[in-house]
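Every chain is named by a letter (A, B, C and D) in the order it is written, and numbering of its residues begins at 1.
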């Protein structure tokens, strides 16, 4: 059994990670830390875990964490980087579900996250944990930067087309819609039920922190500069991201449906739907799957890709478990093979 | 592996049953019938099952069903009774998730369901499948009447008090609130999103079909006539039932918290919360658990019991699987031990 | 034109009051105060008011408030009482939408609201602003305590039966369900969208602040001690309260439908539905109406009353405007006669 | 008073039209027809109208309709065209809220709406009722084609840029999200609450009926062929459309904010927000306003326009009333000047 520690864990990513680990056949939760909730039983905060998780939150204790095989950081941005060096030195693998190790350029990180980086020297070691691109590098990795939720849905949608050089990387549009759990479990007015329900809006059109992350990774794939317009929206649902992607085909003869099917044929968590389909977010609710459909409206040269994930699973905790599975050489789908909950 | 057939299965109970059976360690789906969808792949109708269920719906075929060990009927009321005799004669166990075998008095059934009963002689054999009361009779039973969703939540809430004779059975009130999936997957105006969302209402105050079912079973438990006022409400959520129960304590010295804890200590799917708690429906979403809290406001002689279930799981498909497990001597929790999905 | 001031006004009651006053034919908004938002334009906080309200929030300034004819206090509990004496001395009428003047016994107030009362001597002057009971006393009143949202829905439902002495006042049950806006526009975890959506729960079963308010007023009506069990619930909708009331008829021959119809025939904002009806909360959304239906299930001696209001209108801002209209001798329905918004 | 008739009126557009007309100072509802509901009181179907509308639905009677000054057709597509000629001959103005007169080319209409057109000769007379473009032609018009909901939001967003020739009309993208009431009040599975709630999906990516309508009108404005990719989505809310529009600036020096502000300065129902804003759909709920914000992310040459309306008001019934007001020379805002309902 792999000994697991969690830093943080009082947010939605935390409870989702606990839900998945609670029934993971090869993982055993050893410690979960929270300054604010130290001493409280986890199942008192999250009653869905009653009978599954007996642990209480504890104060962050380096020794306890050092005794784990892997530590997940499910904290706000800027916390994992303060733990990273010690954990790695103790031989513990670290999977950061926040953003501390996602951008390889510390200057860029500091610009977008507005704080100095605590260990810029570790950035080059960190592996960006999108298995569909980096599976080999994730195997055995010590430090994994779990991708953001929007970046996961958007990259998986553009990936096959950029890899094959079929589209103009300078004119990418990602119109993404997220459920409200993506904003986290913080007391804030703008995510109150009475603010968000029966309502829809865009936000951060001027610049969202996931924009540089997506650009960085798509440029790796494409090998060319990427011009991306990214508009996130808040939609009145709890879970789910729906990314609607627009790009311009440079090779009009390409069979885009075949390109997607071939690219993802062997992927356990990417499901390409039949031509003409429209995936809905509930079809992946509580599951680690990304479902994708690809369209060419009126047979023109604009390609529309529809990509859905559960932001808390494939967009956060589930992908983190997938990364753990790969890093430790387990079955990649271990603990992740329950069907989505519908309706 | 137990060979499983499903009659019906295009509704919400059906898809939930499929979701649970798809990962059940000892069940194998052999056949699922639907006249309307015969020939369609199940996963085309319910894309959450892509990769889990390869079967297509087929025309109802007595021979195929007769080759199963157990058949679930997930149809509208009045269908299971037309299949029952043949299935039993073929040595197949039948678990009816609809209402055909719930009322032991065929006259009463015909009054509330407005059709003649096709096999009234089988009613006496049918076991009412609430394991917390009838576990022993369910073992080995050939014909199981799976309880209704409201009746499950309400009976589990009144049960300990009635068994101990602590309350007046003549003055029971059950104010119950259901998610909209309880109304099924039928095209009807009153369950459209734009009718139900941001809205709340009572319905069937004059008389709901679950009323005689609840009364029948509570009278068995109590041994005395029951006076029950039952008001169901529709609440804008997909899954979940919250029953708020009111009754009058006849023994003012009773320790009602202890009575509940003791009654359900050994039950795998009933969870009594600490005194002063308020269970929420999401704490059981997609799980087979019933969570219960009990209160005596102002220390008076009115007892308030709060009982929550997922109407599609403990209120339908999950309890049906639990009944299958018991009937076949499997581990009672087999296929039912994933934590609830929260948020 | 009546010169209107508002203390507070950054919450949901505030924005609703502004929406109503913006088109009130005889009211003119002169000042609205908020320490936190002083200097901000109202329409920047609440963009639905763009083009309707040009004012900005200002620091609380006794002189400006003293120049008004009426001041509404739309603040948290405990604020209005600190302004009351000065306003009354300046000849300004005060309508407190919070709870400061609702309980006539200062001891009781201090017990439930956990702070000393700033002006207990004014409690006897304050008129409880439920027009259906106190219309005459509201005319010309200087100090009006606007009722709570639950108390409004519940009192209007019990009123006709208690006035006529038809039910046992010692056995009243009020099972009430509220939309989330009733919890206010405060940054709190438990009212986040991702906590409340697709979820249902009871709260404060042990004791809610509206309980003594309801008891006090029902005892006035009944002339006898009242035994009330009150269970509030949170339902995933923005607006609306649905109160389901249970009581025991002492006069079995009573025609309860006629009693309700007669009692409310002349009331502009109480609408008694036909026998057998089920009012839904959306039928009063954004309107000042209370709709009521009354049932006797199975013709027994339990009466079930269904009473719905919009918690922000008849349960708060709308009733406050109604009280202003009455106090100043205006048409009672002025500014309040738009139909509910459905769907 | 203008005598008003309504054909149809049992759907959401109908009830919204009734809500607006009920308090319109210069309109008087004379007749409302519905074959299915003939004889039923309107207020029985839509209880929000109790006390406001006393009429009952009647069988379609040409004589009664001929006695009106204006008739609104709030029916499915294909009905208004069967009434048009007789009404016009009787001197009645017709405002069709459905699509019968929106496309000027009958061949195109027949292709997209899959039925022959009953009066193609009237198409040239019909005025497309978007007042912000066609106000002069609407004055005195006999036959008005009320625009679709998506087309209204999308055209108002592209209009200023196309009129000024600032963008490439060949590369327009409209990613639009609609509340579920846009699908109408028909009994269908795909708009059930349990299908749509907590879910998000695109639909009709291959081709939606509003696409040719938008293209036709934008080509009029632009004077050049338009290349439009239009992707509609269903979002779990009752009312509201949010259109997110993407286009490429050809004049990089343009001050797009100023262009929008100037274009709509005198428009009573188009509100341009300050630079950097994000309108939310609830800010126009139940009101006839379109709110717009314009962005240039990273200062690049992609312009992002955010445009929100209430699909039932500015996208249907409200715009129809606005058209009536203009056609009859009334104050354009008559009956349409209540603030949006928020929250």
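The rule is short, and it goes like this: contacts are C-beta pairs under 8 Å (C-beta built on N, C-alpha and C of every residue); 3 or more make two chains touch, one makes a residue touch a chain.
What you see is a predicted model; the values in this text were computed from it and never measured.
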Chains contacting each of chain A and chain D, listed by label:
B, C
Comparing A-B against B-C, which pair counts more contacting C-beta pairs?
B-C
Greatest Cα-centroid separation from chain A: which chain?
C
Using CA atom averages as chain centres, what separation in Å is found between chain B and chain D?
45
Determine the centre-to-centre distance between chain A and chain B, using the mean Cα coordinates as centres, and give it in whole Å.
36
Quick one: report the Å distance separating chain B from chain C, using the average Cα coordinate of each chain.
39
Name the residues of chain B that each touch 2 or more other chains.
12, 179, 181, 194-195, 197-198, 236-239, 279-280, 282, 285, 343
Residue positions on chain B within touch of chain C in the complex are 173, 175, 177, 179, 194-195, 197-203, 205-207, 227, 229-231, 233, 235-240, 242, 244, 246, 276, 278-282, 285, 295, 297-298, 300, 302, 304, 306, 308, 343
Residue positions on chain A within touch of chain C in the complex are 12, 179-181, 183, 185-189, 191-198, 236-238
Tell me, which parts of chain B touch chain A in their complex?
12, 15, 19, 22-23, 46-52, 181, 197-198, 238-239, 271, 273, 279-280, 282-287, 289, 291, 337-343
